[in-house]
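What follows is a pair of complexes built around chain A, which joins chain B in one and chain C in the other.
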Partner chain A sequence: MNILLLLLIIPALTLAGLFLSRGKQQPRVVAALGMGLQFLAAFYLLFSYLRERAQGNAADMLFTSSYDWYTPLNISLDLGVDGVSVALILLTSIVILAGVLISWQMEDLPKEFFISLITLGTGVFGFFICIDLFSMFLFYELAVVPMYLLIGIWGSGPKEYAAMKLTLMLMAGSAFLLVGMLGLYFFSSGPADEHTFNIMEIAASGIPVEMQRIFFPLTFIGFGVLGALFPFHTWSPDGHSSAPTAVSMLGGYGCFRVAIFLMPQAAAELSWIFIILTGFSVIYGAFGAIRQTDLKYINAYSSVSHCGLVLFAILMLNKTAFNGAILQMISHGLMTALFFALIGMMYERTHTRIVQEMGGLLKVLPFISACYVIAGLASLGLPGLSGFVAELSIFVGAFENPDTFHRFWTILSVSAIVVTAVYILRVVGTMLMGPLKEASHASLAPASWYEKTGALLLVIPIAGIGLAPLWLSDMIQFSLAPIMRQLGF
Partner chain B sequence: MKWDDILLMRHELQLLAVILIVTCTEIYLTGKDKARVVPFAIALFTLHMVAGWIKPEEGMWFGGMFRTTPLIHMRKNILDLGVLIVLLQTAGWVKKQLVDENRVSEFYLLLWSSLLGMYYMISSGDLLMLFLGLELSTLPIAALAAYEVIRLRSAESGIKLILSAGLASAITLMGISFLYGSTGTYAIPELIKILSGTSLENLGFLFFFAGLAFKISLVPFHFWTPDVYEGAPTGVAAYLSVVSKGSAVFILMILLLGLTPGGMTEIWTWTLYVLAILTMTIGNLFALRQRNLKRFLAFSSVAQAGFILLGFFSTGPDGMASIIYFVLVYIFSNLAAFGVVHAISVETGKEDIGDYDGLYRANPLLSLVMLLAVFSLAGIPPLAGFFGKFFLFMSVASAGMYVLLFIAVVNTVVSLYYYLLVVRAMFLRKSEAPLAYFKSDAWMRASLVICVIGILALGVWSGVYEYIYQLCV
Partner chain C sequence: MEGYNYTIWIVLLPFLVFLVVGTGSLRIRPIVAGWIGTGSILITLALSLMCAWNYFGAGAPEGGWQTLIPYDMVWLRFNDTLQVHMGILLDPISVMMLVVISVVSSMVHIYSLGYMKGEAGFARYYAFLSLFSFSMYGLVLATNLFQIYFFWELVGISSYLLIGFYYDRHSAVAAAKKAFIVTRFADFGFMIGILLLSWYTGTFDFATLTSPDGAAIAKAASVSFMGASVLTWALVLIFIGGAGKSAMFPLHIWLPDAMEGPTPVSALIHAATMVVAGVYLVARLFPLYIFGDATALEVVAWTGAFTSLFAAIIALTQEDIKRVLAYSTMSQIGYMMLALGVSGSGGEEGLGYTASMFHLFTHAMFKALLFLGAGAVIHAVHSNLMDGMGGLRRYLPLTHASFLVACLAIAGIPPFAGFFSKDEILAAALHKDPVLFGTALLVAGLTALYMFRLYFRIFWGENKSYAHPPHEAPATMWVPLMILAALSALVGFIPFGEYVSPDRLPHASHLDMSIAITATAVSVLGILTAMWLYRKPSGVPARISGGLGALYRAAYRKFYIDEIYMGVTKNILFKGISSPVAWFDRHVVDGAMNGIGWVTARVSKEIKGLQSGHVQQYALGFMLGVLALVFVFIFWLKQ
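Entry: the complex of A and B
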């Protein structure tokens, strides 16, 4: 059996198990077991992938298989992975498992929580392992809709508003996407001159340039909404919470794999529009974060900035920047998940998320605070952590474009790093260092085993990638060959 | 006349037999025993439905006035399925309300007569036959809408329906007479040959179309929909929104795709283009502010009718297949939603969306069915509604109408908002006084199980679509 199919079957079985489970204990055990198994399967995929490559298999996509679905319309479920998707599958499995662990003590409707979370996870996994537009779109929407329940039921603050806004904005994004995707289908020609959804076949046959000019913006905006592309980022500050971070990777990956890969000429022609927009995202997000006092909003704006950087890098259209973009996706995915997990833990104990109301937490919550510092340092790009590797590659890649326009926006974006340092260090200083501000905070409960495990699951890869980035970036670089071929390099 | 010819009219004759048997049976039952008619009627109808699937034949009868093909068989079977689900959903209500009033078999008589009219409508090879079918299918529904005569709203709903339906029929008849006047024939196969697209013919078509548009409740012929749905018994509203609408869509297919081989003429393309946009948009905008769930579902069904129109733009078999498939999917999704509304309204008498606050915590299974139903209506994967809408969008895209496609897709996002309002009430909100837990009767549960299976399986399993597609080629 195809190993990729396994990655869809495990979540499906987990969901079935969750439906049958009862009480508080059973659902979380089922969810943890299922996602633990998925985690192992993702590692197995990684090793099988590396083994195949080591044996000299240089195909664009590995483990490909095609299952007929709607034959009259030539729709099939096409599976396949390259280095980029393997890395992102690994990331997703880590983030979802950590998500299950940190939600271990879910009091309110635990079974429904895990069902929603794992449905979302299924969507993300499916999106990464499919190489046909129909299934990718299906899984994309499958990942978006559970967020309505996740934020609406278990979120905090104005959650009904946030949930509705996020769902509608992302679905509006998918409206653009659907039009772009059907356009690609009807202007494609497969091996037997039929229309096809398979992205490798579309890439091989090519799309007429005048059509690319119409469908590239649609597709890029469609995925860009999920990647918090300015001015479609407004869902992000309200909607972000720990659970949906796995989903924000879909946006960058979709832009990379669908918009740029299938429509390279239009991408080269029209990238300037989106470079301006993503440049805005990067700077706007960073400055937005400075002004916030609520931890959740600080990190949500910071996430807008980082996601903007991912899209910015993708639009640089060269190998180094692509590599940086993928690394940034992974790094950002881990970091944001860690941030929101930690914020959740702190909120549970202190019942506040306002930075000024906390102080000296490092003394009472050493583990959580230390993890927060690590996440913060990774976020501002300290060498030795994952953020540095990613951002360095992005800016080196961006500087490879010699013209003034690219230079100008690159320099502007680089300056966002300085701003990032300001808001990260300020939070660390106010909230974690110094004397204890609130007397009641002196007796806060230390992190429990599931919180520690969940956080460590995220901290270890952040440090791991920072210290030994080469294997990962080699794996990604190797898989950039097809897209570079498309771009004509 | 041969024995084989009678078999062609199998659906109609069977149903007629079922009607007569049920009506006669009631004579022998008195008082409380009349409740036994309900299971008997459902059993007979199930038998009829199953028999409908036996080997479809192709042929004509009565000099071409009646014709049938495997595709027409399929359409009748789809309607049968919808009616069966409606029968299951109304069983509890019939037993609770109608037995005492001694009006049980009449309910079935009227419902099935209207179905019989639809059969003839779908099978007609002749405009007069079509008109007879149309009348037979509409008039009994007006009686059904007013079935709870004691309630003022029900009586009002019946009057509204019969007045608007009367107007629509008159216009249709006018259209038919124009067509007859300009071509000199009623027979559809001959019409196809003679039609040359003169203004009189176009006008005739337009009038004819208006009558059908009324039944599908396309904008601007939709004004009766919310009032009638709200007043009519819920089961009847469900029947109106699904079966009656489905049958009219099937006729429209015969009319537009059958009478204009090789694609619609330009006039029709643009008429439908505008109507599709209007219907989707206005249906959606009005649905946004509804508090009563039956009115809400009425406007949502207006919007869905707009989506159905999208399938008409494709010239290939995929357009036709996507319409039939969507109607099938719509039967399951919409009837699941109506079923839940019906169950709650029969049990508690409440139909306001505010009453659904915190429903999930009180009655999880019912809320789950409703969740699946509205998500399927909104087109969320992997539910059947997603595939249904996707194929309709594909047929628009295949005609190269990307602007229409974009408007349609944006409309699905708008519709998602109000479908999510239902989810919000059930799942996100908490209520001081939620509806108490209750267990609906076995018939209702059976109907909801059928709907849920349909919603879950129809999309992921491609067999049904492929079967329909083969019939359409």
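Entry: the complex of A and C
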């Protein structure tokens, strides 16, 4: 059996188990077991992948297989992974498992919560292992729908509004995407001269340039909405919470795998428009974050800045920057998941997310605060943590474009490292350091075992990638050969 | 390279200690953490001294001191040509820095066992000290620009964590934040400089970059942007990074505030090691600065000269002893930068480079001693302010003696260490530019004046009555003071030119007698003035400062640089950019999105009446449609 199918079967069985489970204890155990298994399966996939490569298998996609779905239109479920998707699958498995652990004490409809979370996870896993546009789109939508429920039911603040806004904006993005994908399908020609959804086949045959010019912007914007592309990012401050962070990686990956890979000429021609938008996002998100007082909003704007950097890097159209973009997706995925997990833990204890209403938490919540500091330092790109490796690769890659236009936007994006330091250290200084602000905060419950495990599950890879990035970056770079070929290098 | 493999442990050992003590800081017993930290740093001291002995002991090989790379690994690959390496590079300046860091760090570790005793977070303190030592070793041993940047940021964060050690004090938190953000701003320049340089030269590697006839360098130098070559731009940008770390004007504002940290930390990080990283960086890339055009080096020289004078003037007016020392550090680092800036590539011309490194070395000893001595004073009287001190020579004899040695050393009185290095700097400056020489000489006099103002006001002056009689520090504190005092007295006799020179060839050091006499006379004048003013309580200082009026106030308020920065950040960054961005995003961008939603909802509300279910209405619509189409066909499509 294809090892990749395992990654769909485990979540499916977990979901089945969840439907049968009852009470508070059963669902969370089922979810943890299922996602623990998925975590192991992801590592198994990693080692199988590395073994194949070590044995000299240089195919673009490994573990490929195809299952017919609707033959008259040549629709099938095509599976396959390369270094990029393996890395992202690993990331997703970590983030989802941590998500389950952190929600261990979920009081409110626990069964339904875990069902939504794991459905979302299934969508993300499916998206990363598919190499045909049809299934990708399907799994993409599968991931978006549970977000509505997660935010609308378990969110906070004006949650119905936030959920509706997020869903409508993402659906609008999907509409663009659907048109783009259908366009790709109708102008593709497979091996037997039939239309095809398989991206490797589309890439091999190519799409006429004039059609690329139409469908590239549609696809890029479609995925870009999820990747918080300015000005379609406003769902993010309202909607971001712990659950959907893994999803924002879909946007960057989609732009990379579909928009650039399949339409390289249009990408080269039109990248300037999006470089302006994303470069602007980077600095705009960072400045937006300075002025926020709510932790959730600070991190959402920070996400706008970091996701902007992912898309910015992708548009630099060279190997170094692509590598940086993927690393940034991974780093940002881990970091944001950690941030929102910690914010959740603090909110549960202090019942506030307003930075100025807290102070001196380092003394009463040492573990949570230390993790928050680590997340913050990763976010401001401190060497030794994952953010630095990613940003470094992006900046070096961006600098490989020697014209003034690229230089200008690159230097502007680099300047965000200063602004990021400002808003991160403001929060750390106000909320964690200083004297204890609220007397009632003196006796907050320390982090429990599941919170610690969940947080460490995220902290360890952040530090691991930051200290020893070579294996990961080499794995990703090896798989950039096809896209570089497409771009004519 | 054989025989230097152990140097990797100099870097790794503190890192392992950081991990162990850092993760266990809440469970581990404080004293255990202290001894693990101190023990490990003493091992690195032994290894560093062994390394220096192996490297320098046998004398210079044929063709000058060699660059050795005993350890090198690929850390990250960007593309087929550009790679980031992590490794260890040994050459005269990095070995010299190893000695400086390990000596001062060991002294600080031992001293802190006494000074920090009983503090909450003792284990955390040692964990951060280890993190700092690790980063600083990694920085000086870096083989390439990215490695140095990597550790550059890590020393920055260690400094942040240690300045903010007393994190329940608002002032400490604010100072830590300021230090990190100001240096981060400078590092933005550093980063762009690295990117520019590496793009045009295709490498990060120091060995390649600094090789004199690399074709790559010529390539970089030939491209020009806004009237200066790209190389010059890159070097100036890199210097901005160095200026941030080394507190050069106008990026110096974080250093005085950084005194909020525990005093041993100030001695280690903000006097002896981290703050000279900028000088080290310029020295590391020195061949590039020489082979670029003269502009970049001139920027270095004049920034250094201005800062040294500027800081010396402020130091004269401060009341907090640690702040006096902080401004003194700035001033002395300015001296080192000045020396680098006036240096040539080798031979007699290269004296400035040697002098700069020499001064870095001697300064580390006597400035660490000054800070640790100040720590002992603060420990005894529980105050940083000179107003509350006086007559302490009776209570603190050991501290007094060592402090006096350090003051004489920094003032440049023979035969103490500062005399020799300062003499070389003055000689180099005179060779290049009389204005720079004049500035340096003036600063030498001012240095003697403000240091002895400090000395007399603490140990002489009015005899204060103390609530608790001050008592001499414990042995863990005074032993390091004695060791450093001995070093401050003696290290000047090291023939530095034999070991460190820009062309790597040994040069005999000799004193320039006329300069030595002039400089000593100026310093003695400064000391005598201080003695006249401060040895006994008198109204003269107050009359002088009163007479200077606005000038004195400006110096006392540090020339209002902090206020200017506050104005810029508050009004421009926060009020001018951030707030509008936040407002724009919520009201305009998001408003547009909500507007689309609103319009959709509104339109659907207006037109939903059309689908009413009344057949007559539909029939009417149908009829009208048919009629309209008929008209279109008849009158329009006919033509």
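Basically, the second predicted complex is superposed on the first by the 489 of 489 C-alpha atoms of A that agree within 3 Å, B and C clash if a C-alpha of one lies under 4 Å from a C-alpha of the other, contacts with A are read in each partner's own complex, and residues count from 1 in each chain.
Note that a residue touches a chain if its C-beta (ideal position, glycine included) is under 8 Å from a C-beta of that chain, and two chains touch if they have at least 3 such contacts.
It should be emphasised that the depicted structure is a prediction, and the values quoted were computed from it without experimental measurement.
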| item | value |
| --- | --- |
| First (chain B), second (chain C), both or neither touched by A:269 | neither |
| Touched partner set for A:168, first chain B, second chain C, both or neither | both |
| Partner chain(s) touched by A:52 [first = chain B, second = chain C, both, neither] | neither |
| Touching partner for A:470 - first (chain B), second (chain C), both, neither | second |
| First, second, both or neither for A:148, with chain B first and chain C second | first |
| Touching partner for A:178 - first (chain B), second (chain C), both, neither | first |
| Which superposed partner A:402 touches (first chain B, second chain C, both, neither) | second |
| Broader residue contact with chain A after superposition on the shared chain, chain B or chain C | C |
| Which of chain B and chain C A:357 touches, first, second, both or neither | neither |
| On chain A, the residue positions that both chain B and chain C contact, one per complex | 168 |
| Complex contact set, residues of chain C against chain A | 26, 74-79, 82, 84, 146, 149-151, 153-154, 157, 160, 164, 167-170, 173-174, 176-177, 180-181, 184-185, 187-188, 191-192, 195-196, 198-199, 573-574, 577-579, 581-582, 585, 589-590, 592-593, 597 |
| Chain B residues touching chain A - in the complex, by the definition given at the top | 317-318, 321, 375, 380-382, 386, 390-391, 393-394, 397-398, 400, 402, 405-406, 409-410, 412-413, 416-417, 420, 423-424, 427-428, 462, 465-466, 469 |
| Chain C partner contacts - residues on chain A that touch it in the complex | 165, 168-169, 230-231, 233-234, 237, 284, 287-288, 290-292, 318-320, 323, 360, 362-363, 366, 377, 380, 382-384, 388-389, 392-393, 395-397, 399-400, 402, 410-411, 414-415, 417-418, 421-422, 425-426, 429, 432-436, 469-470, 473-474, 477 |
| Touch list for chain A against partner chain B, complex | 69-73, 134, 138-139, 141-142, 145, 148-149, 152-153, 159-160, 163-164, 167-168, 171-172, 175, 178-179, 182-183, 185-186, 214 |
